[in-house]
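Each of the two complexes below includes subunit A, the first together with subunit B, the second together with subunit C.
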Partner chain A sequence: MHTKQFLIAGVALLAASSMAIAGPKPAGGTVSGKVTYEGTPAKMKPIDMSKEPSCAKMYTTPPLAQNVETGAGNSLEDVVVYISAGAPDEPAPSTAAVFTQKGCRYIPHVLAFQVNQEFKIVNEDQTSHNIHPLPKLNREWNKSQPPGTPPITEKYDKAEFIPVKCNVHPWMHGNFAVMKNSHYAITGDGGAFTLANLPPGKYTVTAWQESYGDQSQDVTISGSETKTITFTFKAKPY
Partner chain B sequence: MLNIKKVCLNVAVTLILPAFAMAQGDQSPAAKPNPNMESHVGNLTGHSKAGGDLYYRYCWGCHGARGNGDGENAPYLNILPRNFVAAAFKCRSTPTGTLPLDQDLYNSIARGFNFTNMPSWAALTAQNRADLVAFIKTFSARWVTEKPGDPIQIPAEPALTVASIKHGGELFQKLECWKCHGQEGRGDGPSASTLTDSNDQPIRPYNFTSDNRSKCGRTNQDVYKIFMTGLDGTPMPSFADVIKPEEAWDLVHYLRTLQVNNSSPELTLWESTPEGKEIVAAKKVRNTYTGSGIIP
Partner chain C sequence: MGKLLGVVLVIIALASAYPIIKNQYPLPEDISTHGHLIDEQLHDTMLEAGVSFVGAQLVLAFFVWSFTGRKEGSKLKNFPGGARVLVIFAFVIVGIEVLALGAFGQKAWASVYFTPASADALQVQAQAEQFAFYFRYAGPDGKFGQIHPEKIDEGNQNYFGLDPENDVAARDDIVSGELVVPVNREVHLMMHGKDVGHSFFVRELRIQQDFVPGLDLAVHFTATKIGKYEIVCTQLCGLGHYNMKAYLNVMSQADYDTWFKQQSAQ
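Moving on, here comes the complex of A and B:
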């Protein structure tokens, strides 16, 4: 009996993974919820861009640093929520993720893509940037991108969270989240996330915030139900 | 029927188990450094076994017993010793993000790194240095899973002309080299004071007027390689995608004229023009805090 259940789970997994490559994703369970904080988060400092007038003039008030992004109701934005265990590794999709440098900031602040998925880096500013991601597991490179030059296309072959910086403009700071599978989300307004199309199984859901680290919770999906979970990070005032 | 079940079970197990075992961020378990490496430099073949004896005599005090740059001297050094486990190297003839050639590492050991605590090891025999290159490659699995990058192609150096120097100067502006290196190449650009290397240590951009050779060699070809490959692990990026090879030589010619305290054919030619003479004379103002301090 036990064997049979296991067998069914295996076949379901097989079917799910092969269909994910071939065509429309099968309906499955959903994990959704919210990422919040408790305590007092550090006050984000306004960025002084006076050394780069072409960027400074794009803002009426100086933009804030983005190490912690809070929203209404103690919500945390730009948190990566992903399936860290329970889902098989998936081949990379053919579409490229896009990382834009605009107003001497990175848009989005956190860009998630899969292992071996191409991503494009675009410079929309009137100044030279250099893109210097600082991986620990992947290859470290550092490329210059003057205004008006074509996008830089790259990919990473290992899953990792990678801080990105521009040495010319030291306030520029972003993150790459290199994921093993397609089940990931980045929290937006209100700290909400949704991981859809999860085949039945036992999963570990992890939330990662660049300043607060990560948290995990186990979730079991048995059909097409929606499970709601909440991650609460302890905010530090400094 | 039972057999089919067994096969299915196997499939299920092989599919599910690895998925549970590998959490996000885990390193691939397959790749391990190879303790037996060779290096090939010209006619020499270096062997890691011989290199290990040399390493544990000359190198480990700074680079550490495990090659991760945490030797007992490391805390006292400004510009930390290279971490051979990360296997990112400054002086390469290969594109940014790729492994260097054996020849690049061999040259680095002989040359030493100016402005750092890495001395020249030219006193070792050529065979010793080749052995050390082989041993350095035993620290990182990257030498097992990756091959060195294809060396960048350097076209023959065109004739030196004033037009070439001037065009190089335009590139220096356009590519915003001055943001770090400063308008006069003194290493005092607006971003200079904020620079850190990949160990989060402060690092200074090269001061062209300092009358010192750069970290990665003193020939025109070395200068060409520095900005086309970038110095990995430092803020210096690669310009390979944005500078055309023929334009790159113009930039090399211009950079030589910034080295106002280092005689070169480029500087001589530049000083022979009225415009250049004035610029160089103005730059040679001494005893400023960024100047070289040499009284002419």
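Moving on, here comes the complex of A and C:
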């Protein structure tokens, strides 16, 4: 009888402690907002994939280049918004980020992950790819990946924005954003972003767009308040 | 046994000549105005080489047949004048053969390389790079923009390094992954290699020309049949060489005009 009680108490204790670990972090402040542009952005050109029929047939109309992705209300998508100063570096999470080659394009166009976090490169196409990220601070490599081969797993040990190309298909282009901490977001539809769970403090928030460069704003968070900021990039037609 | 080898040699020679004589491996369709000259040259070369091959095999078989089972100590007959005369004779024969092929072939060669394209030929720039071909048209203004290698940005579809910001002529240039040409119109293809050696080969056009980095080369041709033909790279250029191809799309003038308008609008 004593043993049974002891066991129940033990299990309860374990459950309680695991809940404490896995449970929601203490709520902090939030920075949210929108990334927009002013001016006329360059017209994105359609991608001619005629040399790779297995990819070309996946599109009814040729897809457009994604170097500048605009949305309703002058919003900018695929912009990386992150805390560039004020937050401590964080250890990498154990989950892997996934970068997929599908239809001879990179999905997502911008993939963000942390320093030393693993990311997987998947080839879903019927053709061989040779992924070639072009880092300046990290070690450079390129890897061939024939159709049906397992994902390639890699990681980077320095924070950096890295353009990615395919050595077989010249039009393929994407980006890696290697982050120092977990406070980052990539703008989606409408150019919106949210950086949550920020402890009180003074932060520099930076927005990075591959063609337009970056912009920063300082934000001070106290308590669990939500601060709203807007980044506006100057768009050029060419 | 020796006589049997002679018979086998005759069988091999005649059996290998048979499919050629019966034209069992015909050339692919010819869709160019100069192609028949190339085909005639190929035909002449095959005829000359074929006759020489069959003749040599038959002579070999004859000697094997005649001199097999020779008795010990029997006298050998020599070629009159000895081996030196025989070698000189062979050199002269082969030399005449090769020179004759060159003389007969100069017309085909000259029609492609020594005759300039006509002034109203459609001007297209072809760029070969690992591992794709790109083709540039001057656009509605009829002027090519300048190219700036440092401005090449493939991820942004700028394969030629155009500078539309500062160069108005570059703004309407059409860049295509497919070589689209109107039927029965001469095309002047200005060839430019971006990285390593490549080659432009369209078998139906009877054109095969290397891209050499640092050299601007040109070919001209007139396609005479509407259709889609494969352009392949025939110089080993790296890991993606096997996959380096594009299409030649020969259209009617009306279809070409529509295509050109569509491309200009993009």
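Throughout what follows, the second predicted complex is superposed on the first by the 214 of 238 C-alpha atoms of A that agree within 3 Å, B and C clash if a C-alpha of one lies under 4 Å from a C-alpha of the other, contacts with A are read in each partner's own complex, and residues count from 1 in each chain.
Assume contacts are C-beta pairs under 8 Å (C-beta built on N, C-alpha and C of every residue); 3 or more make two chains touch, one makes a residue touch a chain.
What you see is a predicted model, and the numbers here were worked out from it, not measured in a lab.
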item	value
Partners on subunit A (subunit B, subunit C) - clash or fit	clash
Which partner, subunit B or subunit C, touches more subunit A residues	B
Partner chain in contact with A:238 - subunit B first, subunit C second, else both or neither	second
Which of subunit B and subunit C A:65 touches, first, second, both or neither	second
Which superposed partner A:126 touches (first subunit B, second subunit C, both, neither)	neither
First, second, both or neither for A:140, with subunit B first and subunit C second	first
Which of subunit B and subunit C A:46 touches, first, second, both or neither	second
Which of subunit B and subunit C A:170 touches, first, second, both or neither	both
Overlap of the subunit B and subunit C footprints on subunit A, listed as residue numbers	51, 127-128, 130, 144, 167-170
Residues of subunit A that touch subunit C when the two form their complex	43-52, 65, 67, 127-128, 130, 144, 163, 165, 167-173, 211, 236, 238
Complex contacts: residues of subunit A adjacent to subunit B	3, 6-7, 9-11, 13-14, 17, 51, 82, 84-89, 127-128, 130-132, 134, 136-137, 139-146, 149-150, 152, 158-161, 167-170, 179-180, 204, 206
Touching residues on subunit B, where the partner in the complex is subunit A	5, 8-9, 11-13, 15-16, 18-20, 22-28, 86, 88, 95-98, 142, 146, 174-176, 179-180, 190-191, 194-195, 198, 230, 232-242
Residues of subunit C touching subunit A in the complex	129-133, 154-157, 159, 164-165, 171, 175-178, 239-240, 243-247, 266
